[in-house]
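Pasting the structures here.
Shared between the two complexes below is chain A, which pairs with chain B and chain C, respectively.
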Partner chain A sequence: MLKKSWKRELPLHLLLLPAAAIVFIFNYIPMAGILMAFERYIPTKGIWGSKWVGFDNFSYIFSLPDTYTVLWNTLFIACMKIVVGQVTPIAVALLLNEMRSALIKRGVQTLIYLPHFLSWTILGGIMIDILSPSSGIVNQMLTAIGGKPIFFLGDNNWFPFTIVISNEWKEFGFSTIVYLAALTGISPALYEAAVMDGAGRWRQTWHITLPGMRPVIILLVTLSLGQVLNAGFEQIFVLYSPQVYESGDIIDTMVYRMGMLSAQYGPATAIGLMKSFVSLILISVAYFLAYRLANYRIF
Partner chain B sequence: MKRFGTMITLSSMLAISALLPACSNNAPSNEASKSSSASTGSSESSATATASNASSETAPTGLPAKFDPPVEMSYVSYQFATLKYDKGDDVNNNNWTRMLKDEYGIVAKNVWEVPYAQYPQKTDLMIASGDIPDFFLASPTQLKQLYEADMIEDLTDVYNKYAPELVRKVQDAAGEYPRKAATIDGKLMGIPFTGVLRESVNGLWVRMDWIKKLGLPEPKTLEDFLTIADAFANKDPDGNNKKDTIGLGLDKDLAMTAPFMNMLHAYKSIWTKDADGKLVYSSTQPAMKEALVKLHDLYAKGILDKEFVVKDVTKLFEDVTANKVGMFYSAGTAGAYPLQGSKDNDPNVEWKMFPLPAYDDEPGKFQTELDIFHGFWVVKKGFKHPEALLRIQEQWLANFYFNNSDETHQKFVSNADNDTIWMESPAKLYMPTRNRDFYLLVNDVLSGKADKSTVPPGVRDILGMIEKYKAGDNQFWGQNLIYGEGGSMGVADHYINENLYVQNEFIAAPLQVMVDKGVNLTKLELDAFTKIITGNEPIESFDKFVTNWKKQGGDDVTKAINEWYTANQ
Partner chain C sequence: MILLSLLCMFPLVHVLAVSFSSNAASSAGLVTLWPIGFNFKSYEFVMQNAEFLRSLGVSVQRVLLGSLIQMLLIVITAYPLSMEASRFRFRTAYAWYFLVTILFGGGLIPTYMVIKDLGMLDTLWALIVPSSVPVFSVVLLLNFYRGLPRELEEAAFIDGASLLRTLFSIILPLSLPAIATLLLFSMVGHWNAWFDGLLYMNRPENYPLQSYLQTLIINNDFKATTAEELQMLKSISNRSVKAAQIFLGALPILLVYPFLQKYFMKGIVLGSVKE
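On to the complex of A and B.
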């Protein structure tokens, strides 16, 4: 019995092979580079030739006055991104699900997921233009309704929110698709039964749709927790400026400045390693909680 | 500091890439080099004098006419995107490599070739793997690493014994600093790839049609400058009844503030000598405070773009091209990019480059870095014939700069089908003042002092473009702006002749303490300066910045740099 199913599933496992190979080559082999976090790394001497310094690089990064601001910014921006990044697509998916005209539904779906395919390098230029306090369309609308222009990209109070919202604008359409897929998996019989019991739209959503989506929601939240310290290097790197370092500088941009601009490979690796370590703890806790609270397991 | 260094590299890159295609058919003749060295005047003779320790007395001997048996040299290189090979040619088989092989017995073997942007990282990786080719171009930091790992040849004797006249000539013209920077513990560890920083001075570009329209004076003094900037921002020079013009353009990394500071005798992020002959960090000096006060004034009066803090240089250039900017600082080559775009968008636009407006009786001096392009040519330790590299460099100079034959020019520099043949040479050096020299020759012809038939083909090309511009073809307007009468290279010429430069005295690879403290200090400075300019912090916070800078590692860096300076004098 077991043997038979193994044989039947063999082609499926073979399909996994390229993905596994890529993960191995690009995610596991480079892990050897983590050793750089424990040495004063000198490129000409290589990993084995450089001097070992124990935890010096770690104490160095914690002695930098910026580290704590940067940690806080990273956590703040990433947490907001996770919350907003889950709530918006669910809401949009529910709304789209109520849409009667399939044509409009598909049209909207296509429109909202298009920005996902543009890179931040391109969007960065567009953002600077549309958010400009003097000529940008967003501020023109603000002033038209009687508000004052806001310097979204140059104001420390606004910058993190600008980052979160612009990121959401780019990504929510794409995440919505996953939830829409989850919605199609809910048996229509449940809705029919509910209608028989006299449930309205709200009741149906609350008692059938949302519980039906629960596994997918938990899966995506758990996965996104692994990203909790990834506040989005590319986006921030394109949009930030010295003016908003205070609220916008994150671990990854700091690593970039240290590693790429100043050739401090050791400390840069140390920060990166610390980040991965914290992420590992967070995702383990989240997975455990998901299992305890929702009886949900990925494997 | 690092960031500014990158800017410098970028702008000199830009200068080179913008100019070389522009004067595609140039083959400076011997006359050209003669008359240019005559016109270079003071700077060249002083350069020769200071660099004579390596040349003059020991005349070059013994560079063999042809290596027999041939020498095979492996190397790695970068290329610019415009490169194309003739049919059937490739990096290891083209006019340059064939010539080197047939005439000099040098077989250059390319191991890999990448776009310029990838070159630094790729060479870093290569060095880390410990497997370097027989020769390649190394950055200052890499030079130090290679020296410490004992991977490269000492070239002191090689240079003294074999360096051909043309190589010496160009090295001497670049002044003493590049060779000093290539010398570690008294040994010449690489041949500097001489650059074009001095003729790339960041002069003040001004919208002349706006000046005329508003009846303003030319920017001769600081007062003129401030009046003009104010009028450009507030008097609606483009006549659209909106306050949407920028008096003075800046970028978010503050790279373009340096010339403004230079005008007020303040220098951004370099190491200068103080009265006692010690090196001090220019950004923490009192003059900087005044410059920041002035910049804040400009910001408060709405003369600077309120949004400059989010715009990088590319974005600023977009504003320039959209004809929203009245003045900005940039190298002479800005005539081609971005200003040609500004003209294309509006044929009524007129720009002109000026020297720094006078602040007091003392003329403004531009801060300048080590005049090299990317780095130093190094030879692998143990390679038998390091002198072969000098032969390649000599051939490059002879065919690219010091050649009067159209035939040679078409074979090695550019022809009608391929204007990038020059890129195929395995090793290059740049003549530090070539564009300035061309400008002088062009103007000799325009003013009737010289006849068109006597100038080299490259200059004739530029003259041809200027004629076309004068006949109404605005496509060549930018070239006229650089080389024509009153062109931007004239400003460069003025600065070169008067030697109005303040050199960054720290010319070695970053010291360890600079690497350790650098990230934080650079950020501290950029942060403080930006906030003072935009008024987020009062000007008094400059003193706090200086204290913080010293406390957070600046004092250690200053100490280490002065130790380096004393040891290397």
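On to the complex of A and C.
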């Protein structure tokens, strides 16, 4: 019996083999690489030949004042992105839902989804061009209405907000998809009943639409919890410069600079490891909460 | 609402206008939404630029080969995982094996070391193979497979079809909406990726287009190589050239996007929102 099921299941194992091997090489083997966090890693000696130093790399990291700035920046930017990134799509989905003309609705949707499909290289190039303090169109408009030009990407007061808003420009359209899907699931009978009871548009939105969206909102908010240490590497990498490290440097960019540019493999891996570890806990909690609150399962 | 979507498009249109504008107008910042002194000079310059064309070639190879490999792996991986545990006893174990990679990874530097040790630096494979099993896409497709009626599959087995035959001639044709969505994501992902190119390619001539644009536009090291190019550069502005390259980098997506849009909306909702 056992032998028979082996025979029957063997093709299934074979189908999974290529993907399992690739995942093993490129995801599981690097996990062993985190040992570098506990040694003074010297590339020529390899992981097993380098000297073990215990938690030295970790104490070194925490002796750097930059580390605390970077942690704060990461949390600040990520939290702002999460809040803005939930509120805007909900508002836009509600507004889109009120649109009577299906043609305009479609057109608007097409246009607002588009930036999601462009890379940060392209969008970063555009941001740099339009936000330039000397020739950028945004600053030209500011001066035209009597304001002073602002160096959005070079000023520590403005940089984090520029990041959050430009990220929202790229993503809000795409994030509305799920909310719009949730809206189409609300029974029209509820609205009819509300109209019979004399409810206006506002009361309908407040008492039917928003409660109808509640499960999806709870789900997406809990899932976003896992992203608290991700402030968006690609975007910041494209848009930042040494003058805004103070407000814009995040964990991922710091790991990149330490590890890839100044070859401090040990400390860089140590920061990366701590981030992965905290993220693992956050994501696990997020998935657990999503399962409990919204009955969400991956499959 | 219409205003909002126009606001959304404004930066793109502005850059497009700059790319078609004359040298004087774009450097002086006179251009808003309509080109001033309309000409194609920046595009001519870009299209004659050997580096641009070479990186374009790398990108095209990457998109074609990378998406093909990715789709094949997604299809064959999702199928066994979509089965009931009674049919495939190791299903849960494999599922966890793949899901762990969403939750935890080695991070940037250890991954780089592995790819370096495998001798994949400066090859196209470094850009294609490590990302060839996107677990989220696998999950999306396996959820889709599960929505198909089981009886079809059983009927095929009874008629003597092999596992692969069932997968490729019965299940696959039925999952075309999901496949089309994932293919779009896969192609867009490969086209847009630039950081891995920057990381794993030591020689700039191996850069895919987006990595090349990143060093050029963002890091601002604009270098004209030949005297001829230098001469040409005088008649056009740096800013217009950059705008032209930005636009050309976005063009393939702008072209395929309208056609695939209806698929991806359906596909995402099918895969992610379950009743």
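Please note the rule applied: the second predicted complex is superposed on the first by the 250 of 299 C-alpha atoms of A that agree within 3 Å, B and C clash if a C-alpha of one lies under 4 Å from a C-alpha of the other, contacts with A are read in each partner's own complex, and residues count from 1 in each chain.
Throughout what follows, a residue touches a chain if its C-beta (ideal position, glycine included) is under 8 Å from a C-beta of that chain, and two chains touch if they have at least 3 such contacts.
This structure is a prediction, so every number in the text was calculated from the model and none was measured.
Engineer: Counting residues of chain A in contact, which comes out ahead: chain B or chain C?
Structural biologist: Of the two chains, more chain A residues are contacted by C.
Engineer: May I ask you to decide whether A:183 touches chain B, chain C, both, or neither, giving the answer as first, second, both or neither?
Structural biologist: In the superposed model, A:183 contacts neither chain B nor chain C.
Engineer: Touching A:194, do we find chain B (first), chain C (second), both, or neither?
Structural biologist: Touch status of A:194: no partner.
Engineer: In the overlay, answer first, second, both or neither for which of chain B and chain C A:245 touches.
Structural biologist: Once the two structures are laid over each other on A, A:245 reaches chain B alone.
Engineer: Touch test for A:128: chain B only (first), chain C only (second), both, or neither?
Structural biologist: A:128: touches chain B and chain C.
Engineer: Using the superposition on chain A as set up above, list the residues of chain A that contact both chain B and chain C.
Structural biologist: The answer is residues 125, 128, 134-135 of chain A.
Engineer: Chain A touches which residues of chain C in the complex?
Structural biologist: 1-2, 4-6, 8-9, 11-12, 14-15, 18, 27-29, 32, 73, 76-77, 79-81, 83, 88-90, 94-95, 97-99, 101-115, 118, 129-130, 132-133, 135, 138-139, 142-143, 146, 162-164, 188, 191-195, 199, 210-211, 213-214, 217-218, 239, 242-243, 245-246, 249-250, 253-254, 257-258, 261, 265, 268-269, 272-273
Engineer: Enumerate the contact residues on chain A facing chain C in the complex.
Structural biologist: Chain A reaches chain C through residues 5, 9, 11-13, 15-16, 18-20, 22-23, 25-34, 36, 92, 95-96, 99, 104, 107-108, 110-115, 117-122, 124-130, 134-137, 140, 169, 173, 177-178, 181-182, 216, 233-234, 237-238, 252, 255-256, 259-260, 265, 268-269, 272-273, 275-276, 280, 283-284, 298-299.
Engineer: Which stretch or stretches of chain A touch chain B in the complex?
Structural biologist: 42-46, 60, 64-66, 125, 128, 132-135, 151, 153-154, 239, 241-243, 245-246, 254, 257-258, 261-264
Engineer: Taking the touch rule as given, give the residues of chain B at its contact with chain A in the complex, in rising order.
Structural biologist: 2-3, 6, 124, 127-130, 141, 145-146, 148-149, 151, 244, 252-254, 306-307, 309-311, 315, 510, 515-516, 518-520, 522-523, 526-527, 529-531, 534, 536, 552
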